[in-house]
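Naming follows writing order (A, B, C, D, E and F), and every chain is counted from residue 1.
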Amino acid sequence: MNICAIYPGSFDPITNGHLDLILRGSKLFRRLIVAVAKNSIKRHFFSIVERVEMVKEAVKPYTDVEVVSFDCLLIDCVKKYKANVIIRGLRAVSDFEYELQMALVNRKQDASIETIFMMPDENHIYLSSSVVKELAQFGGAIDDMVPPCVAERLKGLFDKAAG
Amino acid sequence: MNICAIYPGSFDPITNGHLDLILRGSKLFRRLIVAVAKNSIKRHFFSIVERVEMVKEAVKPYTDVEVVSFDCLLIDCVKKYKANVIIRGLRAVSDFEYELQMALVNRKQDASIETIFMMPDENHIYLSSSVVKELAQFGGAIDDMVPPCVAERLKGLFDKAAG
Amino acid sequence: MNICAIYPGSFDPITNGHLDLILRGSKLFRRLIVAVAKNSIKRHFFSIVERVEMVKEAVKPYTDVEVVSFDCLLIDCVKKYKANVIIRGLRAVSDFEYELQMALVNRKQDASIETIFMMPDENHIYLSSSVVKELAQFGGAIDDMVPPCVAERLKGLFDKAAG
Amino acid sequence: MNICAIYPGSFDPITNGHLDLILRGSKLFRRLIVAVAKNSIKRHFFSIVERVEMVKEAVKPYTDVEVVSFDCLLIDCVKKYKANVIIRGLRAVSDFEYELQMALVNRKQDASIETIFMMPDENHIYLSSSVVKELAQFGGAIDDMVPPCVAERLKGLFDKAAG
Amino acid sequence: MNICAIYPGSFDPITNGHLDLILRGSKLFRRLIVAVAKNSIKRHFFSIVERVEMVKEAVKPYTDVEVVSFDCLLIDCVKKYKANVIIRGLRAVSDFEYELQMALVNRKQDASIETIFMMPDENHIYLSSSVVKELAQFGGAIDDMVPPCVAERLKGLFDKAAG
Amino acid sequence: MNICAIYPGSFDPITNGHLDLILRGSKLFRRLIVAVAKNSIKRHFFSIVERVEMVKEAVKPYTDVEVVSFDCLLIDCVKKYKANVIIRGLRAVSDFEYELQMALVNRKQDASIETIFMMPDENHIYLSSSVVKELAQFGGAIDDMVPPCVAERLKGLFDKAAG
């Protein structure tokens, strides 16, 4: 079966939790596309260009993983790349309800596209992009939480701000 | 990719919510095995033989769906059939926490086997095997909730009891 | 408008939390029926006769409140008494999901009957029939938790058992 | 009994989920007032005038439903219209906790006013005003989600923005 | 044992729920430090100076309670004051998930510092700083919700705004 | 301060998650008592004698930890040992609601006794006594989940049953 899966998100920035899910997803489907949402309404810490760069750098070791950006409805992005499955991570009950709602909304838009949920390693269960940014801002330890390229950028930014 | 998925459960009895998930799963993976748990500790309404019969009858229209029973750890059943993925349905927050726990436990037993979660159609979100049995017992309307073969058996049983 | 509401439950035994809800419900609807479920499957501490007696005793001060028992689907009980509304209490998230499911199931059985949810006083938010029984068994303080007639019965039973 | 109920909200914009609840509420109480919150702190997509206009247009078919706006504490609005009951919809666990908190707060302000919770049709369980706005912005299908007058306004706005 | 505990928060403004927890915490540990977060990113209603003043005024009756402010990672504040325990209040499920995440994050930063959770009196379970501010803005009754010094300041501010 | 804490439970059997909490608790309080509930109503897998034996064996390395059993209300056990604090572990939302209820109930019985909640290591977040028993029954890997003395007993029992 030629199933292609899309893993969408803001990735502001990508964390080891995201990477863990990308690896898990790439084992299940022939082709995995990481789709970075531009989302011009929500304010992001990193620009869309920077977010895509960091994801590309982080997934370099994984073959069969592509990285794209999108500035439209997720479901239109899924169709554009002829994907059949949306992958979403689930960590907490609060994630769960929002994810369920979005999966139902997407199903209404196109019933042929399925959303599946996967669980990151329990060591990443506390991880989120916002936690990482908050820690980085005050010089907290983030090396176990993000890929090296992200850790460097974050430190660079906040050192400059503090310096 | 030759991914084989297992959809385990008690199926006491199979409902239209289960069937909906079986159909969704069978579209994503080359092979889908519905695995009926014998589970001698938990008390069941239907015997393992009856539960397997009803599932087999209900999935007849779907090609590439097999039905088996198991009386061991789920993870050992998964290995026996050389499956790579466990499929579980998610409807409610209470499901979610139990399912997350079981997925982590199974990952501890064998890290190469992945659990994915899928969502039934919103019209089945209220459905569960226990609701169906409770309704059937008092002559409630269950025809939209279970496959015809299950509806018949349930009515037969309770008519006999009442008759 | 001649709306009649039903407040169903096991009432094994009735607590001050139930009473609080009965009072609140009776202010909203012309007629309020407290319906005690016989439910021969679930094991009860008090018999259906005792449970009805205690509810009747406890609601004596409230006019326009009737007490009945039922041994059928809730929805059939609602129709029998020509009620239009089912009242249920909500205290915790775990209540909430089960209640939502049952409300959807009942709506499937008869779309003209509405379920509404009400909240007991926050001083009763911890209260449940099982907590009361557990406390009573070991001589804990239950006088603020149940009507006097229930407190007496519980003490009588456990004193006899201990004596 | 002359119970008057208030159904408050932002209605930014009104969805078919809101309408479903208005219809359900209007069957239970002699008089139902839909109260649109001005709320000058929260940023709204539509102005208070537009939000009230759309609600009025949408509830036209329902007799005994009035539409008002308010710019004060909800409880003061309830008193102003001599209402006795606040109606709130419940869809998800996250709704539930916030709603419980607000119901307790309102009870502290005036113990004679009761909050009741109702459940929309399960086909609207995924629906929210923000989902509708996000879909509309990118040309997603919203015709099943909002009354015609809302769909038109949203399309008009976003076509103009895109044109 | 010379355990020193820190109770961190925004306290914008301090409520009777916070005070209840401070009193409970001060009974368990030799020394309790209330740490007011400056948090320059999040917008606050009261300045850090005002928030500290109100907390100091409110805890005056409690000996062995100190008040400090911090503008760094919580864990660095804990180390600075040689505390061993972080105290957090738990009221609702939504609190719970965020708190669990933050406790795990803090444990990653320093495994020797423990987070414990305590529960306020059930009469404060609905209380939050935002509820108080919203009520105060429209002249709602807040005297049972905050210490007198906070009630005065809030009334002063909003009277001035309205006057 | 001479605070003595009680950590109550069924411990049927004790897991590494329990042990982790015992160690964390013993660092915070001068004296920690592990209290094994006899609870003659709930059916246990191991007898009260066996459960106490296993806990005693498991906590041998920790000084200042005592092990007792009790067959009364928890609050009476707390008073008997002149403890001031009840420690409970929190892993999931479902735990949380039950624990909150029990803490409120205990506070009603004796307001001077405080319940605090602690979080086990995230590596034990999936662990429960029932999971361990289910795995052991079918020969699953449990060595990372329970102390050696428990693993041995469980294997002994199930080998005998299977042999």
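Definition applied: contacts are C-beta pairs under 8 Å (C-beta built on N, C-alpha and C of every residue); 3 or more make two chains touch, one makes a residue touch a chain.
Values in this document were obtained by computation on a predicted structure and should not be read as measured data.
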{"item": "Lowest number of touching-chain links that must be crossed from chain A to chain C", "value": "2"}
{"item": "Far-end chain from chain C, centres as C-alpha averages", "value": "A"}
{"item": "Relative to chain E, chain with the most remote C-alpha centre", "value": "B"}
{"item": "More contacts between chains, B-F or C-D", "value": "C-D"}
{"item": "Chain A-chain D separation of Cα centroids, rounded to whole Å", "value": "34"}
{"item": "Chain centre separation in whole Å, for chain F relative to chain D (CA means)", "value": "48"}
{"item": "Separation of mean Cα positions, chain F and chain A [Å, integer]", "value": "39"}
{"item": "Junction residues of chain C - those touching two or more other chains", "value": "93-94, 97, 100, 104, 122, 125-126"}
{"item": "Interchain contacts (touch definition) - all pairs", "value": "A-B, A-D, A-E, A-F, B-C, B-D, B-F, C-D, C-E, C-F, D-E, E-F"}
{"item": "In the complex, chain E residues that touch chain F", "value": "1, 3, 24, 27-30, 84-85, 90, 93, 96-97, 100, 103-104, 114-119, 122"}
{"item": "Complex contact set, residues of chain F against chain A", "value": "93, 122-123, 125-126"}
{"item": "Chain C partner contacts - residues on chain B that touch it in the complex", "value": "92-94, 125-126, 128, 131, 135, 138-141, 144"}
{"item": "Interfacial residue positions of chain B with respect to chain F in the complex", "value": "72-73, 75-76, 93-94, 97-98, 100-101, 104-105, 108-109"}
